[in-house]
Every structure is written in C-alpha cells, then in structure tokens.
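Order of writing sets the chain letters: A, B, C and D. Residues in each chain are counted from 1.
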C-alpha cells in the first residue's frame, strides 16, 4: 500500500497536481486528518509494510449524512479528485462520494484478491509468499517429526490465498470456503496417502472453511495422527511488499492518475487478462473472478 | 525448476505415463544419465532452489551428429516424449530433436525472461524478488551513509531483471542494454537530484549495459559522490522459488502434459496476456516481448 | 541439527572413526535403522532445516528392558561411542545407556534453551530469529490498523523464547511461565500505554503461560481493544539455521569428538560464560539457567 | 544501531535524563544537528536497518581545535554525558572529548567485530547472517551448475565475517587477511576436492585478503574451473537486525546508562566471556580479540 501511496503522490505531482494525504481513510476525512504530500514525504516508504497513512475501520461511513459531511469537507479543501486505495468497503465509499459529485478512482488493495473487476489486488502476492515461506519452515519440522501440519490462513469468503499458497508450497490438502471438504474425507485422504508411504502432510485451511483447531481435533479423534496447528493471522498482512506487488502498485497508480487526466474517473483500476484497465464501478462489480476449479484439482494431482 | 520437475513427474504419472529423469540436460542423454522417476522421488523438492536433475552447458549439442546420437539413445530407452525445461539454447535443442522425429515440449525457464513466445519464464519472479530484497538492505546503508549504491544484476541482452527490480525497489536510475544511458547523463541526474535534497541514490546496472566498477569509477571522477558497488551474480539464480514461480511451474507443467496428450506437441508453453498457451516453436520465435518503454519512463517519474 | 550431524560425521571421520547414522533416534536403534555415514552423505545439508536423520518421540525408551535391548544392538554393530543430539529426554536416554556401559556424549539441541549445564542449546537462536521476523511483519499491520497483536510462541516450562524475542522485537508485554502476569494487569498496562499515545501493542505469550485466545478474549471483554491472534507453532522449529546455530553446531560437534578422544565421555557439551565445556551428566543437571530477571524488567523499561 | 538508539533513549529517560539525539555523528555536533529525543520518537525503529540518526565520515574530528569546538557546543547545550555508538574511530573521538572533560560511554557497533575490549560488536551477527543467507542461494546454483562460487565479504583488516560465515555456511575455503592462503594452494585444494567427487565449492574472500576477481582469474587460468563472482558490499551493512544484535543493543545500552549513573564513565561497553562489562578506554584498547585459529582449522576439517 505504501508503494501505491508513493507512486500516486509522485505521478500526480509529475502531472501538475497538488497532492494531499488523508490519514485513517474515511474517518480521517471527517476528522480532517488531511495534509499536503510532497515528493520527499513518500521517499523511502516503498519497501515498508503496513500503511504510511494508517487505516481504520469506519462503518459509520455507510450513513448518507456522514458521506455528505465528508464530501463537504473535501470540497472545503478544494480537493477535486479522490484516489481510494482499498477493498470492497473502500470502493463502496468511493462510489457513494462519486454519487455526490466527487471525482474518484479506486486502486484495488486487499490481500484477499476478491474484488470485482480485477483479477489481482495489491497485497495478494506478498501474502501468498509469506504463507509459502512459513509453510516451508513448518514442512521442515513436519518432515523431521513425520507429522501432519495444519496451517490456517486468511480468506473468510474466498479461498484465493489458501489455494494459491497450497499450489505453491505443494500442500497435500487445501480447505476452502468454496470447497469445505468434509472432515471425514480429509481423514480418509490422510490415511490413504500415509498408507502409500507419505510420512507427513500439510493442510492449508482458509479461515472461512474451518477453524483449524476443529480440524486438528477431528483428525486426532479419527486417525492415529497428531496434527500441529499454526495460525498465521496478521502475519499475512505485513512485511515488505513482494516485487510483483510493488510493481503492480506503481503501474496501477500511474493508470489511476492518467485516467483522472483523461476524464475516465469513477472507476476501479483492474488487472484483467494480463493488462491494466480502468473499469466503471458498476461494470466492475458485475465481473467477479472466483477461484479456478482446475487449479483446485491440480493441488490434488500434484500432491497425492 | 524443481517445482517444474515435480509437477511434470506427478502430472505425467497421473495421466498414465512412465517418467524418466535425465540429469545434466542434453549431456546427460549422451551419458545415459537416465533414471526412472516415481512420485516419491520428487517429494519435498518444491521449495528448494537449484535443480534436482543438475544442469550443464553442452555446446556440442549443436552438432547434428550429436543430436542424432541423442535421438537414438532416447528411442533405445523407449522414450516417446521429451519435456525440456530451460531457455533459448534448450529450446533450440528440443527443436532439433523434434526435427529428427521426437515429440517434445519446452517449458520456458530462465531468470532473464527473454524467450520468444512467452511474456514469462520460470525463475524471473524469484530473481527479481532476490534483487529487491538485496537492494532493500543496501538502501538502509546508503540512506544512513548518504551515498550512491550501484547494484549489478544479470541481463546480458535484455534488461528485464534490472527494469522490474528497479521499478519494484524505487531505484533512482536503471541502466539497461536497451537504454545504456551515457555516464555523463547519469552524473548529471545524480547531481540534480542530490541538489534537490535527495541524500542517496540506488543505480541498478544490467551486466549487459555496463560493468558496475566502470560506472563507479566514472561517477567518482565526475561528481563529489563515492559510490559503493555490489555485484549480485549467482545469488540471483538460487533460493527457494517465489510463490509465483512455483505456481507457474505447476500450471505450465500441467499444460505441457495435457498438450502432449492432445497431440499439440513440438511447442513451447507460453504465458501470454494472462493465460497459458502451447505455441509451435516457429511461431513462438517470432513473437518477442521486449521491455516496456512506459515502464522505463515510470522509473524516472517515480524516483526523481 | 543437520549442521551438527554434518560436523560430527566429518570431524569423527577426520579423527579416524567409522561413523553410523541412526534414524528416528532411540526408536531407530530398536528398529536397526543404522547406516554408515560418509563425508559425501552429509554434503549440502548444513543450510537445511529439519533433521536429516528424522526424529521420533519414543517414550518406551524409559523402560530399562528397552534400554538393554538398545545397548545390545549398538554393541552388535560394534558401536563404541554414541553421540546424542537432543533435549532433556534425549540426554536421559544417553545417561541410561551410559549406565549400561556405552560411552556417550550429548549435544544440547532444543529450541527451548532449557537444559541443565548449558546456557545455550542449538536451535534457540534460529527460533528466536523466526519469532522476531514474524513479529516484524505483524507489527507493520498492527501499526497501520492501530491494534493489539498477540503472538503465541513455544515454551511450556521456560520462557526463554518469549523473553528473548520480546526483548529483540520491542514487545510491549511478555507473558512467561515464570511471570504469568495476571490478565487484569495486562489490561491495565494496555489502557495506560494507549492513553499515553501508543497506538498499538505487541504481546508475546509463551504457550506455558496462557492460551493466546484466552488472553485475547479477556482483553476484548475488559478494554475497548480488539486483539489479533497469531499462533506460530511448528514454524519456530524449522527453517535454515541462523549463523549462530550453525557455528555452535560445528564447534560443539568438534568438542564432542575431541572429548571422546580424550576419554572425557558421558558428558553434555555446555556453553557456559562464553566458552564450550564438556560437563558430566550429573553435574550438568544441577546447574540450571533460568531466565534473567533483569532482562524481564528491561522489556518493560524499553517498551512502555 | 537503531535498536541501540531506542534503548539508550528509553532507558535514559526512565532514569530521569533528558535525551538529545545528534545526527551525522561528530559532524552533527559541529553543525548543531542536535534535537531532543522523546520515548515516542524512537518507537517503531527497532526492526529497521540503517541509522535513524544518520552517520557521516568526519576525518576532521582528529583536529584538536575541532574537538574543542565540539566540546564547547555540547556544553552550550548543557549536555553532561555523551553516548557514542560506533567503531574504533568513534571511540577515539569519544576519548578525545573525555580528555577535554566530557563524560562519555562508547557502545561498540561495527559489522567487522574488530574493536578492543570486546568480543562482540553490534551489527556483526546481522552481517554474518546476511552472508550465510546469500551463500545459501549461491550454493543452490553452484550445486546445480557444478561450479566454484567466489563470494567477497567485508573485512579489510580482520577476517571475522569471512571466518564465521565460512564456518556457518560450510564454505570450502576462506581467505582471510590473517591467512591469505597463496592462490596456488587454493587451486591445489580445489583440484583435490573436485577429484574426490566434490562437484562444487564456495570460497569466501575477505576484501582485505584478495580482490575476488583476481582470485577468479587465477583459478580460471590454473584449473579447468570457471568461478562465478559475487561481491556483497553494502548489502552486509543493512537489513533488520538479527535477534542477537537487537538484544545486545538493548543490554549494552542498559549498561551504558547504568555505568553513567554509577560514575563508571569514559568506558567502552564490552562483551567478554559471556558477560557485559564497562572497561576504561585505555584498558580496552590493549585487549584485542583476533580470530580463533582453531575455528580457521575447523573450516578445513568440516568442508574438505
């Protein structure tokens, strides 16, 4: 996200804009946490995790009166365009402000990769790499101890992180919200592969599919195996961005500013079929990209 | 590359093939370093760097007689299809064997990302991430010491690694084979940005553009700055694969075997516009993907 | 542990011994999983995590009859000396075999750093570094989201990992088996520091002090804060060894073989006051190294 | 170094001091880059590489008149005690100011680990870990390509980094300023080990022993091997601190402030035989800790 803040600021200044940073998202508009951003202000933040401008959950922003107050404040600061960096909630806020007359652009940024209108959201590749590196370490131990390792990853509604990291790290089983394999079947598979000579297994559990301790208890009760549990939690949201995320942030930010210049505003920047596009919000919401079933099957083919 | 060896082996066995591994590439065919590969043999290699099957430079394979001998040996082992993992040289060898009657598929695998018919080659994302992580550490020091850091990366003919890592790490200047900026201009830019308050700079040099010590000496002689030099060398080729490389390896390997099953052989697996395709060798060689000029300009816009 | 296996093998061969590796610890003796180890066999394992020789829990080894059977098998293989790599349980087994007449040496190896006779056990520094790196990523997120992060680490009986990683990563609160701060006090401290302007906190919980979900629920119920939970689990046991662990493994292994040569056997290799020593088992068990209280206080001084 | 800045600031404030930070070292005194440091100012810097307070080479500080001017300025700011973080040059400056009447303490901080009066200097463990991680990646490639890898590390006068990283990563040969093995002997060893079946080798070269390109050229000319060269340079100085460095920084800083409180000033904080001590400058300079010869021999024993 910092890579995007840097890129938007510098590209926008390059194009002649004055740039302000708003801290803590929509709450920060209401609190007028609005300050000018210069080129130097965003120097050195590209490789840092987290968010230079902070972030905040602000459910109150669903209230139309709050939205109008935010619009009023932005106008008062002579802000003509608002670039929003975030997930579905942030985009909904941007759309609300658009309806009030603000010119906005949304840059998709959430580790879950579950936004409409784009096959990629900034943060996803970093999160998947973090999971893969963690599983690499866990696998060392599981291999030495010949055990089953359960690793719980993020993904309440979509299993993108679990599926991609499972494919990348050679997980034996992935449990997704889209494919909550019955636990009896999990046990059968474990029994079968361990009978065939496999001495350890890695199970990736998306938080939206199961609680990892439930999975562990069930396996313990129904097989001779004794799983270990790791819950990665917020670990997946931090860290220096991967190269791909930093590059995506730079390129999406460039297009965001170019789109504002061209009058193609009120859109989300989407990565679709290998190219970047600026899609109107409404259109974007109707094009969703669920997990790819053939990749789910590939996990089984490659790991069994 | 190991992720590809694992995926090809397991997918092929899944489809009913018997699989052999050949060590040391084409040289290994001649030396008959050919051994059966079972599912278990490729367990646990997915997260390791390097190459399970070793590799070797073997310029003798350009000799038609050597090619015929290789073809004879493969036939003698009853090998019907050959999956080659490698760069341009490896693909040329595959094509030669194809012309003799062997059924082949090439999976693009080189850190340089400079093969025809594909926008992506396995290994590239890992190499770029390694460079970005290294520059992150070097930047800490340059920032504290207020110096110029020169980092030499691979790329004899194509500047993909230098450009992408430069974009990802916020390098101030990238020197590419495609854009060997005159060193006088490098000095001018350094002088200008340092006059504007920048206290340190990172210059990424592709080995095909300049020798990094030459760049350093020139800057020392023509500015008041005293650059430090890092030459990453083979560091870029190793390490556990990034998530993207491991996933690409799995998916490309799947398509490789599917293409063999469908009779779409004698092709390279290409990643084009966000999707995987099996392209005939001849066609592939004519579609090249040079660096993107707008990304080269973006480096300047974002860093100055 | 692999670094120790490599060093023992090569140092022992250098001194003229024939070396055997026993897989799966004491269970492997009973199962006669005993195979010759040559210099080449241990090449390339130094930077790998896990255990080349596998490991197994084998509570049956407390049975004197099982011990005698193991002793008989070792003698049958003409094994004169046994080098055991492991924690307290492993050392107890070594002592039992010593009492039956075997010449043994124990190299302390457990991530918990809680063995008698040594201030350091191999694996500890790697585990602490893993925790610190993980907390670094979690801190990025907590800082951006202004939340409390709870990180559960290993340490059932001793809080070494929690204390050292807490000191290294600047944790606000560490909960140790030795200092299970009442949760009401945890809440008071959080309220106080957040009142003083701190916007996020990291709490390291040793598994022997509290269950991290209990801590989270208590904080949620008694403050306005909503903590995130990460459970590192087996993640802490894997990964390439840190430099310090690899060096300790090499140096301890050297002393282990030298001690056998000198007739100073039936000892544990201890790291005491900056130097390596071979201490008789009995002596070693009486010298324990609990956490240092002044370091526990230092965490509070530096973080509040 | 940031971990030390944080720890000194917070410990000193805890003890009732007012704290100022001086940017760019001794040059910053002269330029009066002196600003108050509060607890919050040093929040979040513990895991960052580089130096929050910047650093600068300032050879002019050897001039007694410059020293007197610095002393005058410090007095003018009512600064009673000066905590210096750095290497030999920094300690010499501290001593000079001590002779003029300032109360000082030096915390040893240089990646080279070559200061008198201490067996450890902050930064060393981080640098060695960085080298070991880099060699791990290079080894992957060398192993796959069956080549010799030359890795140049820091160490102009002392081979600590080269020796410790060589021991930790299982290097085949280390070339130190203290042991500049003749290159003919290097070639003999390579020939011998490769004859014995070793297919690749890693040579760590301290910059004070040889230029790594010279070593490469000599090997190329005198064996059939074709080495690759990596020059790590400033990479070794950056990155988040290792756990050990962060802990040492915290503990040394605590002792620094305690020593000032006790009137044990004008000393260097030393790590000697596993414990921390405050040693008078003169005493410290006479106790030097060269590389340990038995560890140099151990590299050969373990790698051949």
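The definition used in the following text is that a contact is a pair of C-beta atoms (placed from the backbone, for glycine too) under 8 Å apart; a residue touches a chain by one contact, two chains touch by 3 or more.
Predicted, not measured: the structure shown is a model, and the values here were computed from it.
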{"item": "Set of chains whose contacts include both chain C and chain B", "value": "A, D"}
{"item": "Relative to chain D, chain with the most remote C-alpha centre", "value": "A"}
{"item": "Inter-centroid spacing, chain C versus chain A (mean Cα positions, whole Å)", "value": "35"}
{"item": "For chain C paired with chain D, centre-to-centre distance based on mean C-alpha positions, whole Å", "value": "27"}
{"item": "Chain centre separation (chain A, chain D; CA means) in Å", "value": "39"}
{"item": "Multi-partner residues of chain D (each touching 2 or more other chains)", "value": "136, 139, 143"}
{"item": "All touching chain pairs, where touch follows the definition stated at the start", "value": "A-B, A-C, B-D, C-D"}
{"item": "Sites on chain D touched by chain C in the complex", "value": "3, 6-7, 10-11, 14, 39-40, 43-44, 46-47, 119, 125, 128-129, 131-133, 136, 139, 143, 164-165, 167-170, 197-198, 240-244, 246-247, 250-251, 254, 272-275, 294-295, 298, 301-304"}
{"item": "Residues of chain C defined as touching chain A within the complex", "value": "1, 48-51, 54-56, 130, 134, 136-147, 149, 228-235, 237-239"}
